[in-house]
Every structure is written in C-alpha cells, then in structure tokens.
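Please go over the structures that come below.
Below, chain A partners chain B and then partners chain C, in two separate complexes.
Up next is the complex of A and B:
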C-alpha cells in the first residue's frame, strides 16, 4: 500500500517528511465517507445554518440553527466520556440564543473564549463561552445573513456584517459600536469574507450579483469582480494579450480591474442628444464607483471563500455556478465546475481544504467535492434528506461536518482511520494484511 | 489526439462514447464537409491548430434541426457543447478566445438559469439582416441605426450585455443618436432590456422567441417522459425514435442539452447507452 512504502521512503530519507504529510492528508481528504465511529446528536429543532470549528485547536464545533439555538460539540472523541456528556452530545445547547433563526455563529479568531452569533432578529451578539452569557450585542437595521471576523487581524477586532440592508456595517468589539459603514451594493448583502492575506481587505457578495473588495482604511470599493473579464489560465499571462476585453473606443484607466464608469466621449453633440449625467464620484485613486454595474453572477452571490494562500476566491451564486477568481488580477479564471444546483434563497457555506486542492459545495441534498483547479467532480456525498446548508472541513483530522435542513449534523471521515492502522502495526510489530482474521493463529 | 477523435466521432446521440453504426449517413457527410470548410476559417491567431470546441461547434451547427415554420440560423446551446467535449474548463476558455476573435457570438437566453446560445458571426449577421428586412420601419431616417449597430457595436462589444451610455456612445460614431434609435433597435428585436437593471441591455437573436418557448417546453416534456418510466431511465435508441409534441426542435437537440446541464446522465449497459435521470 502507498502509505507503507511511503513510510519506508520517509525513513530512509528519499521522501521528505512534509511531502509525506501532504500525501497522507490529501489521500484522506479525497476518500471521505459517512463516519462509522463518530456522530453528533443534534438537539436542534430547526435547519442547521452554520457550522464552524475553532481556529485555535480545531476541536470545538459551533452550530447554529433556524430555531434560534446554538450548540457546541467536541469533535475529539478519543478522550472518552470524560465530560459527563454522552458520546456525541453537545457540550452545551443554548435554546433561546435568539428570537428568530440564527444565520451564522463564529468563534472569536484567537481562542474559544468568545463566540459571535448573528440572527434574523437583527441582532449580532457576542457571548462568553464559559458562562454562556451575552456580553455585547449590536442592533442592525435588517436581518443579518452573515458575519465574518478576520483571523489574521492584529490591529483591529472588527466584525463585518452582511445584512438585507444595502450597507455593510463593521462592528467593533473593543468599543462596542459600529466603526464603518460601507456603501456601494445595490441590494442586500448575502455573504462576507475577510481576505486571508491582508487584514484590511473585506470581500462582500450581494444579492445583486456583485462582489466587491473593500479596503477598510479607505472609503469605497477598490475592486469589483466582473464575470465577463476573464483570463485564460489560473495565473495571469506574463505578456499582455493582444485583444483586450475592454477595448471599446474609449480610454479606460490603467488598472484594468478598477474601471471608472464609461465617460461618454461623444464626437458630435446636438441639443437633441440623450442627456447623460456626469457620474458623481470622488477622484480617489483606485476607487470603483457605485455606478459600476459589473456582476460576478447572474443571481445573488450566496457563498464566498478565499483560499488559504490568499490568491484565489471562490464564489457561488444562485445561478448555480461556482467561479474561481484570481484576486490579484481580479479576473474570472473560467474554471468550470461541473453541473450543480445551488439553492437560491439562503447563504451557503463552502469549504476548501487548506492545501487548496478540493472545494466542498453544498448542492441541494448532497455535497459535492470538486478539484479546485480543473473543476472535475471528485466525489458526491449523499446522506442528508434535505438541502445541505453548511459544511466545515476539519483540517486536523481531515473530516467534514455538514449541516442541513433535516436538522442533522453528519460527519464524513476518511475511510481508513489512521489510528487503527498504527495500533495494528504496534500490536503485531509488522505489516498487517487487510484480510487477516484475528482469530486465526 | 484522443480528445479530438472522441469529439469527432461522438455525434449527437453518442455524447461520450465510441460511435456505432450511424443511420444518418447524409448528416455525416454534411458535417464532414462543413468541418473541412470550417478548418479554413477557424485557425486561431496565434498558431495553426484548431480546438475541439471549434470542431464540436461546427459539427453541431451542421446537425441543427431543420425547422419548417420559422427561419432561424443554426445556434448551439452552451450545455450541448459541454456534453460533447469532455473538459468543461477548456470549453469555456476556447469559447472565450473564439468570442474575442469575433468568430462566434454568445447570447444569454431567458429560459432557465444560465442558458447561453452560441451562434457563428456570419449566421448572426444574416439573421439580423432578415429581421431588419422584415421589420417595417416607419421613419426611414432611423433605419440607418441598424448599420451603425452592425458596424460599431457588434464589432467592438463582444459581451452578452451592454449598458445604455456605452451603447449610445458607440452608436454615435455613426451619427446623432436619439432615444428613438434605441427604441427601434429594441422593437426590431436586436436588444432587450434587462429586468434587474434598467440601464443594461441584453443582446438577443432576433425572431427566436417561438423556438425558445419550444426549447423550455421540450425540456420539460423530455424530462417527464423519462420520469414516467419505472426506473427513470430509457435506452437511447428508443428515446431517439420518439417525437416531442411541444417542441419544433428534434429530440437529439434536447438530449444533448439536458446531458450538458446535468439533469440527465448516460450510463453504459450491455444493451447499449442508457439515459437516466440524475438524482441530485
């Protein structure tokens, strides 16, 4: 088997330990099946909208449901039933966390001492985990679809909120007030994500189909993703391409990604011509005005996920397309992820493996895993009875947790658990074969 | 390349497998001839190769069903292209470069989510001519806007949509542009307003409305045909013999389209190729 040969190679130095680890991790991530050993007993009485593991240990899973409840599960089941809770039961279950559905629950990025929940009752609440009490809450003008906190931020503790209102508000944890209001979207904002490479860049996806990049140190959007601007290949070409997509008869700004609205350069004017208002915009360097109507999807953008290296962005839309964008050039890489159907009404949660090889997309009642770069379907996970809303990939154990409208949280684990292989090898001191009976001598 | 032979031999009814005996010998010969003709036109700028996508487009154009009532030049749906060429990402990229070279034009259709129709540029221009001739222009002065449209807008704007200020500025390269000119373009069927945004227009293929209705109804009929079977599957040979009541397009057009959009899938079996309804 591959792993034993690779272990021998690692031992004698022909395979580097990091390469060995990468091989093991990626083979496990590609072989997920419904787990026999682990389960979570969900006490939620509503659809599960969000699943999030903590960044510090990857151990505690926070789930939020449509009946206003929030629960925390311990994903590490090796340590027995020490907590006094049954196997798979939540560590705690808040039954009246919010009045209406909780759309998203996040851990505080630094540790598990705090968590933040956002709900359709217009509130974003900050909770202390140990006492399970609300420490701070923010009232927003419309129902909150999603929240995000930057995991690499060292100079700010801002929560970005995506609401049904056209403005994105940033709530400051340190002061308890709103620090920024970002306007530019023309309809509600459904998904929000901080950049994984810069702590000041926020990415929002709206119901109007636009994806905007905001640098919070300056006003305005600096990049708007347009699905018609594309590049052939996952990296921008080194030499400029001979034909440019924006080659109209008008001059455009030098940075192709941020486009000012097309100022009409009319050759002949007459008093009967159509009156075009000069767009009111700041002459701010690198700012895309709110009149830029470029859309990234033909429907609402309901899921955003940046890859861990910060170069690419995945966006899913209610037009049932998943698109991969190159953040640096702002262009659509035209990777086509095979046929999927994405639910249109709710925000969904995508998951990407940390080595950016697989992307997990909830498609109606199943979850599909695609290869990130080529778009081929690797696997399709069917286990839920109703639409899957959220998924979380635990990078420590290479497990996938999915939550759906059928109120269940399912665990998908690699088909060969690593622990039993090591135990078998230890007990017998040699290579075991798969079909060796344990009662034969 | 194995890829090109597969797409060449795979005709409408054999999307992803080897070709068997084909009763349509004349379609075969016609497509071969058109491929040879197409080879002359489809060399891309950079090198002398042509892509699978281009070959597939030519073949499907040759197999476009002949309609009796409406005169429409052949167009290909994007989902049909996906079902005949294996690598979808490559299809997207090839299509993008063909669009930029103005060999084909892509239109967004309003049937269902994310439907696109691909038409060769000369077909589209011929279709446009027919539509303009048929449209009775009351004010003869305004009819010059069609020439402006053809000369300035189509050549430079290769997207599926255009905004109002940009349209006016491109048209004004030909002359003074008023609201009436834009209205004329919309009435002749060359542009449509977008529902979400009033300042944006979609490019459309004129006189295609009845076919689009047939397209969506034919899809539904074909899907219900398969849903009614006991195991939600049917042998391809039997399926092709059926005729759809509600759609003027033939059944192979719809089968290709539905396979490409993922609603149907093909399964190899000892009997032959089966078409099965795909579970979500």
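Up next is the complex of A and C:
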C-alpha cells in the first residue's frame, strides 16, 4: 500500500511528481507476469526472431519470424476493440517478406511510415508501412544477422548491418547505396548497436568475441573492449554534470585500474562524454596487434544493448555471460549477473528499462530480469516452451513482449493493475465466475 | 508471528505430504480411492495444504519412475478440476509439468517402464485437453501449453468432445437422408398403391385359374384314390418306411404332369411364376421394409398398407407354394437363391412369425421333393426339344454360358440397391449408406462375362526314330526332336515314309555325323553342371557368412544384456518379495533371447 502513502506525499508536495511517476513505473516493471487478458495471435510459422516497438508512438509492435514473415501488432487494445480478451490479431502480416528467415525488423526511428527488415537471404529491405511494399533493398554478401539505425541521428540515415561477412556495411537510405565498409572483425558480425549518446559511434560485436567501436567519420576501430581490463564499481546511473575533463586518450593508462580496490558504493568522480577528438596515433587504423586481439567474450557476442543514457553497454555472449561495460573507460565493470544460459547460435535481443534499472535477458526457454547494477535476479519469466530469442520492453505501458522459437509472442503485463482495469475486472465478473472451486466431496 | 506461521505451514503441510507420498507409491493403475478422498479433504481444508500439495506433486512428477508420475498425474487432475487456488499455483510451472508428463523435450524423455510411460503421455494429453476446454480462458499458460503441443509439435489430441459431436451430427444427417428417401418412396407407394395391388392380385388370379384348369383336367383323367382305406389296410403289416414310400408314390401319382395337352397352360404358369417371384415378391418385400422404416406423423395409411402388403405377400407365397407343388419352376438355381433370401428375411420382426416358420418347414419338404421333379422336368424338356427341330437347331448354335453370378442380373436393366436387403447388420466396420445404388452400367461392368480359355487337347506324336537298342524314340516334341531332328511320319521300323525324303536329306546335311553330335551334347551337359556347381558354392558361402554374423550378434547381445550380478539380484528377489514394488517394475524381464545368449556364453 505504498501507493496511497506516496499519493499522500505527492499531494503534500514532499514527493516530486516525477519521482512519484518513477516509483510507479519501476514497481510496475518489477511485477510483470504473464498476461491473461492481452495476447498477440501470432500467425508466424517459425521462430520469432525480432520484436521491436516504434519509438514515435510506442504503440506498434513489429515482429519478424524465421519463416520469412513480418507482422505488425497494435499493442494498445483499448482503442477500437472494446474490452476483454484483447483481439491481438496483427494489423498486417506479410507472408512473403523474405525468402529465408527474417533475422531482424526495425522501425524507422523517426516515424512508423517505414520499417526495415534484414534476412538470411542476404537482403535488407526498406518497406513502406502503409502500402506494405518494398521501397529499397540492399543485397549484402552474406546472411544478415542484425541491423541498427541510430535513434538520435540528425545528420545521417544509415543502417548498420551485421552479417556473416567480416565487414560491417552501412546502407545509406538517402542514396540507396552502401556508404561505408568497416573492416576489423576477424569473423562474422552478430550484433550491432548505435551509441545512444553520439550519432556517429557504432558498436559491433562479432563471432570472434570482439566488441568494436567505430567512428563513422573516420576509418578504423577506435575502441576495442577487453574483458581482462576491468574496474570495480560503477558510476551512478544519473549523474550530475561532469566536473572535470580528464584525458581520454588511453584506456590502458587510466588510473582507475582494478589494482586499487574501490567499493561499489564509492562512485568514481571522473565522468566525461565519449570524446571523439582525433585518437592517438597507434589506436588506428593499425592498432598494435596485441591490442587488436582483445576479446570481450569467450565466443560470439550475440547481443548488444546500450543503456538509454549512453554511458553503459550491455553485451551477451555465447559463453553465457552478460557483461556491463563502461563505454567511456572501455572497461568491464565486473557486475556478476547470476547464473544464466544464453543460446549460442543466434543473435538475441536484450531489453533495458529506460531508467536503466532492469535488464531482461533471454535465457533459453525463460526470460530473466536482472538488476542492472547489482546483477541479482529480480524475476524469471517462464511461459515459453522453446528458446526465447528476443524481448522488447514497452516503456509506455511497462509491458514486456517476448518472442520465441515456439512461435508465440507473449505479453507480460504488470500484476499491479491500473485503476481503470480494476473497474473492467468488476464488469466482467460474469466470465470469471466459471473459474471457481468445485468440490464435489 | 511469521515464524509461527511458517512452523504451522510445515506442520500442516505435512498432512498432504504424508498422504500423497504413499498414494503414489503403489503399483496399481489407480490411486487408492480412500487415500484420494483423504487428500482431497486435506487440500480443501486449508490454502497451506494446497500449496504443499502442489509442491509435493511437482516433486513427485520429477521422480524417475513413470508409475509415480502417472499416479501423481491422476491426483493432479482431481485437484486441478476442483480447486482454484491449486490451479493458480499449478499453472505457474506448467511448462515444467508438461515436459515431465508428456515428455516432449528430447533431452528429458519419460522414464521407464515404457508401457506406463506411454500411458502417462496419453493420459496427460487427454487431461490437458480437458483442462484447456474447461479453464483455458482463465489461464494463459494452459492455452500456451495446449497450443504449443497442438500447433508446433503437432501432437494428436483425442478431441473427445468434438468427435462425439461430429459422430452425432453425422448419424443424424444420415438418418434424415434415409427418412427423406423413404418418405419419397412412401409417397410413391401411396399414389400407386391400388395399381400395384391390382396388378399382383390379377397375377394371382390368373395363376389360380390356370391351376383350376389343370386340376379339372386331372380329375377328369384319373379320379382320386381313396387314401384312408389304403392306409388302414397297410397299417397292420407294413413298416413305417414302407408306408411312407407308398404315400409318396401315391402323391406322385396324384401330381399333375405336363403333357402335350396342357403344355400351354404350364408355359403360362411358368411365366406367371417368374413374374410373381422375380417382380412382385421382391417389390412387395421392399415396400414392406419401406413401410416399416418410414416415420410419419400420421400412421393410419401406413398401418393399413402394411397389413395389406403382408396379406399380399402371404397370398403370393401360397400361390408360389402351389405352383412349386405341381412342379412348375422357372429356374432351379434362381429358386434356391430366392429361398435363401427369404430365410434371412423372415428373421425380421413381422407379426406372423410362428405361422411363417411352420410354412417354411412345409416348404423345405416340398422343395426337396421337387428337386427330383426338376430333373424329370428338364428331361421332359429335352424330349420336347426333339420335337421342335428349329429350337434344337438354335440350341446347337447357341454359345454355352457357364453358370455364374452374372446370370442373376441377366437381361435386367434396372439399378440395384446396394445395402438394402431388408436386414440390419450391426457388424459393419464403417458407415453404411443405406440408400446406395449401384447403377445398371456398373453392374453390367461388374458382371462382364469371362471364361477361362480351354485349349483343345492336342495329341503330340512321338518321334519314332530308331534307337541303337532297336526300339523307337518315344520323345514327344511339337516339331523338332533334339536328337533326331524334325518329326516326320515314319513307318513301324522307324524309317521315314517316302514322301518325306527331301527333308531327310536336308537333315543329314545339318547334323553331320553322330560323333560331333555326341561331343556337342557332352559339352552342353558339362556347361550346365558347372554353372550349377558355381551357384551352389556361392550360396553356401553366403549362408556361412550370415550364420557367422548372427552368432556374433547373439554373443554381443548376450554380453550386453546379462551379467552375473543382475542374475544374482533376480534370483534373490524371487524368493524374497512376493508383492510387486516400484523397483521391480523397472527391472528388466529375462526373455528367451537372453536365456539363449547365456547358454551360448
């Protein structure tokens, strides 16, 4: 009954509205469970590989499956469908979007007029949502594992592609051609992510276990994450303005080494944005070969997710580890996420709540929620019958959508219902009346 | 407070544990009903017990023994159907439960014993379907599990509800359809009833008139002998058999024989008989069956019509009997068949069964006596045909057709009802369409006349060439004897007859001399022998290989399946435990193969 107390405090003015909102949202996010009222009727006849909600309205869910189909769902069941068990039928279902499995589908970050799909048939296609027709397509040299578009980009419209090829290609929507080819990985690239603080920084994770940072304005890798370089403790998620500017030149020369024990509570005081000033001579393009071989995971890096504030990067690997990286220092924060097993063969999609408190990780047939900063398991969501491939956290409704090899898209809704839903539940008492005890003896 | 509660929980939760554990520790195919009742009342008593029961049952489901899982499943079903709290808690680990009960995960197969494991799978799928239909809307996990097994893994669900509904529907549809058809026939009958009746009655009248004519003639020719007197005379000294023979002969004398005078009458009678049996009797029986089966709101017409129909049938029967009695049959084979059909027919429920059966008995006697009549009849016919030269000529020309089922429908060009013989056979293995009709073309196609070609025997002449020992060659070949060349007419000594000189010359040229001939023959024999020998050797080698392989396999299996320790355990177990235990179900039974293998070792 914290809610009533908090309400009272908010009325008094002792609790700020934003803090109140945060409290409600985080408590809802922490209490997710399988929703009985809302469901998406998946017409896919294959594993769901990707789920993506749109950034513009936070309402439409794009799903892609390995049978080459793509569908769009309306997550808001309140409009048009009336109450009760959500209809959940797709708004449209493209049965022959690609020849082979669609590995990833993305909304155009600006609006829902376009979406992009990537497939194992080597193609990346740009679709018009309203006519459901292909506007543009790119033929890549190998299977496409993942694509990414920067949600904060204002000066470019580039799609970064992760393919089985060693090179990362950037497709320019403006010209319809490849604008960049980034070489550096020694094996196929499984995952790709744009920095959420700078529009020119691209992060890629490869099958060789390396996570590389690229500045698309310059050639070569400017940062390569190394799992053996670590720092204890993390910065607070929300920080005051940077106090001092320290040189960012070398991760190796950074003084916050693991040798000096720092308590987790003791926050580092030095903060800075990623500075894209000209890197030092050795760091690129021909990095010292010893540096150039650093790995972030033992095995393929199959999932990458940057936190919304752009300071941290989460990576998952086929070694069944989840690592939290401090982007600025390029070091492993050594947060120990409790036991998990991550499927090795496919790229997976991680989800982080906007306030960077929870991370959702597909762990085989279940999905686990971890506290981002401590690594403790908050919850384990069981419901799928086969490996979960992707999850998407709908920040607006605090709902979680998961897609799995068993062809289902599940909705995990907060068990703390909104006020309107309580009334609805009362009104539909007629239906629930069947579900009662029935003791004959 | 909290500690106390938890203590209470463990303590009271123990009741469920204590009850469920022994309930599943049994080899019976069902849970002990008393224990089950106790479990139910325990679970009902408090929420704590329910929670404990869920935990306990899930633990038991993880046991590596299908029997334990099976009994747990039965308890789960009982509780699942009753308690809402149980359901709510239970569905949280529903995927785990399904993996343990259905065993759909490859890395988690169901434990032994395998027979119970398959039972377990079947039962859990059945339960899942039941739960889904009852509570599916309330529990997403139930729906998910059901859909996953059904749509992704393509498990076959028994689909009990739907199946029953479908069967019901189909049966109703079929009944409706038959009723419709019957109604149509009934209406048809209603319209034509009087005409049908009139037709049959006129036929019967004609028959009666014909019979009158014959009988009158008969009486004029030889007035009846006084039977009673004769009987009295005999009674004193003759045996029963003698008497019987006498009566028979008297009757025989009494019966009317076909003569030149009444030939025309007999012909008519035969025609009428045929008409009566083939057309009227059949149609009447059909109508009766229609009348019996049709369902109407107003039964008045039906009842009267049925009565009249039965009367008609009796009339026809009696007329037929009369005709048979005077030895007027149109086709013997036909008649026998018809009688058989009647026998089956009379087993139906018609009011006058006793009366009928009596009739039937009388009839069989008659028919046995008429069978002799039939022969004499045909004899008569042949005599008749001699009188008619044109007929005999035609007969000589006519092709001979073997007797067969095709004669049943000879010359008929009407459709045949396939499944309507007036009898309901319950033993059909599939659905029976009562109104199926075989079209006439189909019947013609089915009864296409075919015959086995019989070759005329050909006499093959012997070779008759002279041999060294003075006898003649007795080989019979069609054209060429392999030793003596073409077969030609020869005289008694084996020399060719004159007019065949020329070919003989040719022959002597072809077969140069006896020596080369002999050589060739020897060579041929050798060739054949050698081939045979080779074949035999190959076969023997193969057989040897196979037996070797078999022995090896047997030895291997023997090594794998029996060990002395296991043997020891078994022998000890045999005299120690009489009651079957769970562990004993897992033990492997010694098969004949194992015993043989042990002997081989």
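We take it that the second predicted complex is superposed on the first by the 356 of 441 C-alpha atoms of A that agree within 3 Å, B and C clash if a C-alpha of one lies under 4 Å from a C-alpha of the other, contacts with A are read in each partner's own complex, and residues count from 1 in each chain.
Going forward, contacts are C-beta pairs under 8 Å (C-beta built on N, C-alpha and C of every residue); 3 or more make two chains touch, one makes a residue touch a chain.
On a predicted model such as this, the values are computed, not experimentally measured, just so you know.
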| item | value |
| --- | --- |
| Per-residue touch tally on chain A - higher for chain B or for chain C | B |
| Touched partner set for A:339, first chain B, second chain C, both or neither | first |
| Contacts of A:365 with chain B and chain C, given as first, second, both or neither | both |
| Which of chain B and chain C A:17 touches, first, second, both or neither | neither |
| Chain B versus chain C as contact partner of A:36, first or second or both or neither | second |
| Partner chain(s) touched by A:298 [first = chain B, second = chain C, both, neither] | first |
| Contact residues of chain A, present in both the chain B and the chain C interface | 365, 382 |
| Residue ranges of chain A touching chain C (in the complex, touch as defined) | 34-36, 39, 85, 365, 382-386, 406-408, 410, 431-432, 434-441 |
| Touch list for chain B against partner chain A, complex | 45, 82, 87-89, 91-93, 96-97, 100-101, 108, 113-114, 156-160, 163, 165-166, 168-170, 172-173, 175-179, 196-197, 199-200, 260-263, 279-280 |
| Residues of chain C defined as touching chain A within the complex | 37, 40-41, 44, 81-85, 87, 92-93, 95-96, 98, 104, 134-135, 137-141, 144-145, 147-148, 151-152 |
| Contact footprint of chain B on chain A as seen in their complex | 208-209, 228, 230, 232-233, 242-243, 245, 247-250, 261-262, 264-268, 270, 272-274, 276, 293, 298-299, 318-321, 334-336, 338-341, 363-366, 374-375, 382 |
